[in-house]
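Lettered A, B, C and D in written order, each chain numbered from 1.
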Amino acid sequence: MIPRRHEISRLEAFSDAVFAIAITLLALTLQVPELTTVTPQALVTALASHWPSYLSFVLSFVTVLIAWVYHHRLLQGTKRAGTGLLYANGALLLVVSAVPFPTALLGAYLATPAASVAAAIYAGYIGLLNMIYNVLWWIVARPQGGTHLKGWRPPTSMLLSYLGFPCYLVAVAIAFRSPAASLLICGALWVLWTIMAPMPTAAQA
Amino acid sequence: MIPRRHEISRLEAFSDAVFAIAITLLALTLQVPELTTVTPQALVTALASHWPSYLSFVLSFVTVLIAWVYHHRLLQGTKRAGTGLLYANGALLLVVSAVPFPTALLGAYLATPAASVAAAIYAGYIGLLNMIYNVLWWIVARPQGGTHLKGWRPPTSMLLSYLGFPCYLVAVAIAFRSPAASLLICGALWVLWTIMAPMPTAAQA
Amino acid sequence: MIPRRHEISRLEAFSDAVFAIAITLLALTLQVPELTTVTPQALVTALASHWPSYLSFVLSFVTVLIAWVYHHRLLQGTKRAGTGLLYANGALLLVVSAVPFPTALLGAYLATPAASVAAAIYAGYIGLLNMIYNVLWWIVARPQGGTHLKGWRPPTSMLLSYLGFPCYLVAVAIAFRSPAASLLICGALWVLWTIMAPMPTAAQA
Amino acid sequence: MIPRRHEISRLEAFSDAVFAIAITLLALTLQVPELTTVTPQALVTALASHWPSYLSFVLSFVTVLIAWVYHHRLLQGTKRAGTGLLYANGALLLVVSAVPFPTALLGAYLATPAASVAAAIYAGYIGLLNMIYNVLWWIVARPQGGTHLKGWRPPTSMLLSYLGFPCYLVAVAIAFRSPAASLLICGALWVLWTIMAPMPTAAQA
């Protein structure tokens, strides 16, 4: 009675909502500074000193946006929601919904002596997101028992996604030497994901 | 003019949105620690000491996710939205939307001498959620005056759901002796709900 | 090219999302108490003393839920989104989105000497919501230039809605004598709205 | 297999959700005052002194609402989501999602000696939003390589949108002399956008 593709649409709509809410809640990590003496100069100084929270907001926003684009492409090629896919998708939503936490942590501690810990946790968290994606790709695309639509072929970006995980591990390790280098790796990786993003037009060619 | 099934879709879309928002807002219960002396070691220690908030976040996330899956199955078998169903659904949304509150409470007090009270309230709250589900199942599935679609049969998980309520009462009582045992019961129950979840494929068989 | 009814659906979807988010954000007004000495007894006492915030949460949740039901019925009878309707709907969304503010205010001050002010503002705010509804009903239902679908007749609840406004004014005035009586009027009114709610089944009869 | 127009619908639904969440989260910038001595008079005084946060809430709510209306009109005339459109849309969502931040800043500092800085940042932020719209209009409407539907013509409001940017620059500059004048320009501009808003009925004529 209910077509299977319909089930996927439901899952997609719910996942989309979680992505949209999580990405918008990131903005709550931007805090208005409280001043003891209120002068224009003091406000400018205080706002400028908050640069880590702006940086981490933009980093996480782009990360979740890319994750959303990839999630769409993944489900587009999927014909049914098996148990494994449902569980892996649930784990993905859990990790996506909590992205504001490592983001706020990075924003609060990047300009402090504890920057290394904040950057390592941030890179590790994005690496965890990447790992769950790899599991999802694997579930959908595996030659036997895969749930992909007939004629669907895994995009090149899928293979690149697998390469992402060791890079994030390096980013975690490097954070203890240079938090900036760690974030640079995270940023460079999402430039790569963006370039390789399976574009709608490409997917239809 | 407007088909009745359409009304159910509307209710479903609104309920889905509330589920999606509530599940994502759970992440706001994760707070960035404030340190008096900022060192990498102090940040690690502070983050580690926040383990109850991570645990309660994951517990509640999975609980709301399972509640969403069951809610979908329930409405899938429903052909019209009677007054009783609308009221029970409204009560369900009220309880679901406020899940972040007992979650934050558990996160704040699980590692304190007040753990028993926090765990008892948490288990009682999840029990309340379970009770409303039982009412919803009963409204949809009762032999006379039920609102289920023709040919729809209540899944086995429905009967199990009725068994959940006394278990949650036990979890509340046991919290005053062992908060950990109480949460273990809550966790064990959602493992059961997950295994028994009326899968889409099963529902179509 | 784009059917007019489609425009209404768009407006409806956006409005629905705002309703769903506002209703779920209400739960953020529930705050976990902070204790100086943490004992089970102290936590129970602190939680119990927060009863005004639970009461105001439930009051506002039901209010927004009823507002959502009525909004749906209103747009169901509407065939095109004129300028007046768009502006009035925008004003409605503004008021709905800010419901958490008077709710939090009531929760914070109902058990204090400033209860009268908090209750008066709360009743006035719900009265404002009612007033915007009356304008919306009037725009849709006016005999000439109305935007209702052919054959649509204003439900009885519409006329009752007009009676609501003076009642809310009374609730504001009475708040300075008895905040409890003021909230009782607000509560009694939504019991009335609920009973009179234009049910889907009734609307189709 | 998947029509291109479908891709646009997806993008639209996700963008709509971000708009709806951001607009509703604005209400979180309204804070309940904390009093040292709780009397009805003190509460009234404290609430009245918060007028900048009410003003900035309304300003931002209307701004995001208008932005949503224009975004819809823009995508309605679009037939495919090219790379440029996707990136510009992503940048738009980033800016829209963070509107609560300059709003809270304006609310906190408009009645202080630092009003000039808060107003300049607010006007500059809305100017940034306007600039991204101009880029989006340009991408969709350019004569060669544009992505607009056949027969679609850019509405007059598009040309006006280009004129908005220098006005916002003036609003930034003027903020350092008169924060009120700066906000008046922002307000006057959205009155203009509202009047010129490409109405659904107009678009279909």
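By definition in this document, a contact is a pair of C-beta atoms (placed from the backbone, for glycine too) under 8 Å apart; a residue touches a chain by one contact, two chains touch by 3 or more.
Quick caveat: nothing in here was measured; it's all calculated off a predicted structure.
For the touching copies chain B and chain C, the fraction of interface residue numbers used by both falls below half; the interface is of the different-residue type.
Chain B and chain C have Cα centroids separated by 26 Å.
Separating the centre of chain B from that of chain D, both taken as means of CA atoms, is a distance of 36 Å. Across the assembly, chain B contributes residues 17, 21, 25, 28 that each touch 2 or more other chains. Pairwise chain contacts present here: A-B, A-D, B-C, C-D [touch as defined].
Of all the residues in chain D, the ones that touch chain C in their complex are 16-17, 19-21, 23-28, 30, 32, 35, 38-40, 42-44, 47, 57-58, 61-62, 65, 68, 72, 76, 199-201, 203-204. Here chain C touches chain D in the complex through residues 1-2, 4, 7, 10, 13-14, 17-18, 21-22, 25, 28, 80-83, 86, 90, 93-94, 97-101, 104-105, 108-109, 112-114, 116-118, 121, going by the rule given at the top.
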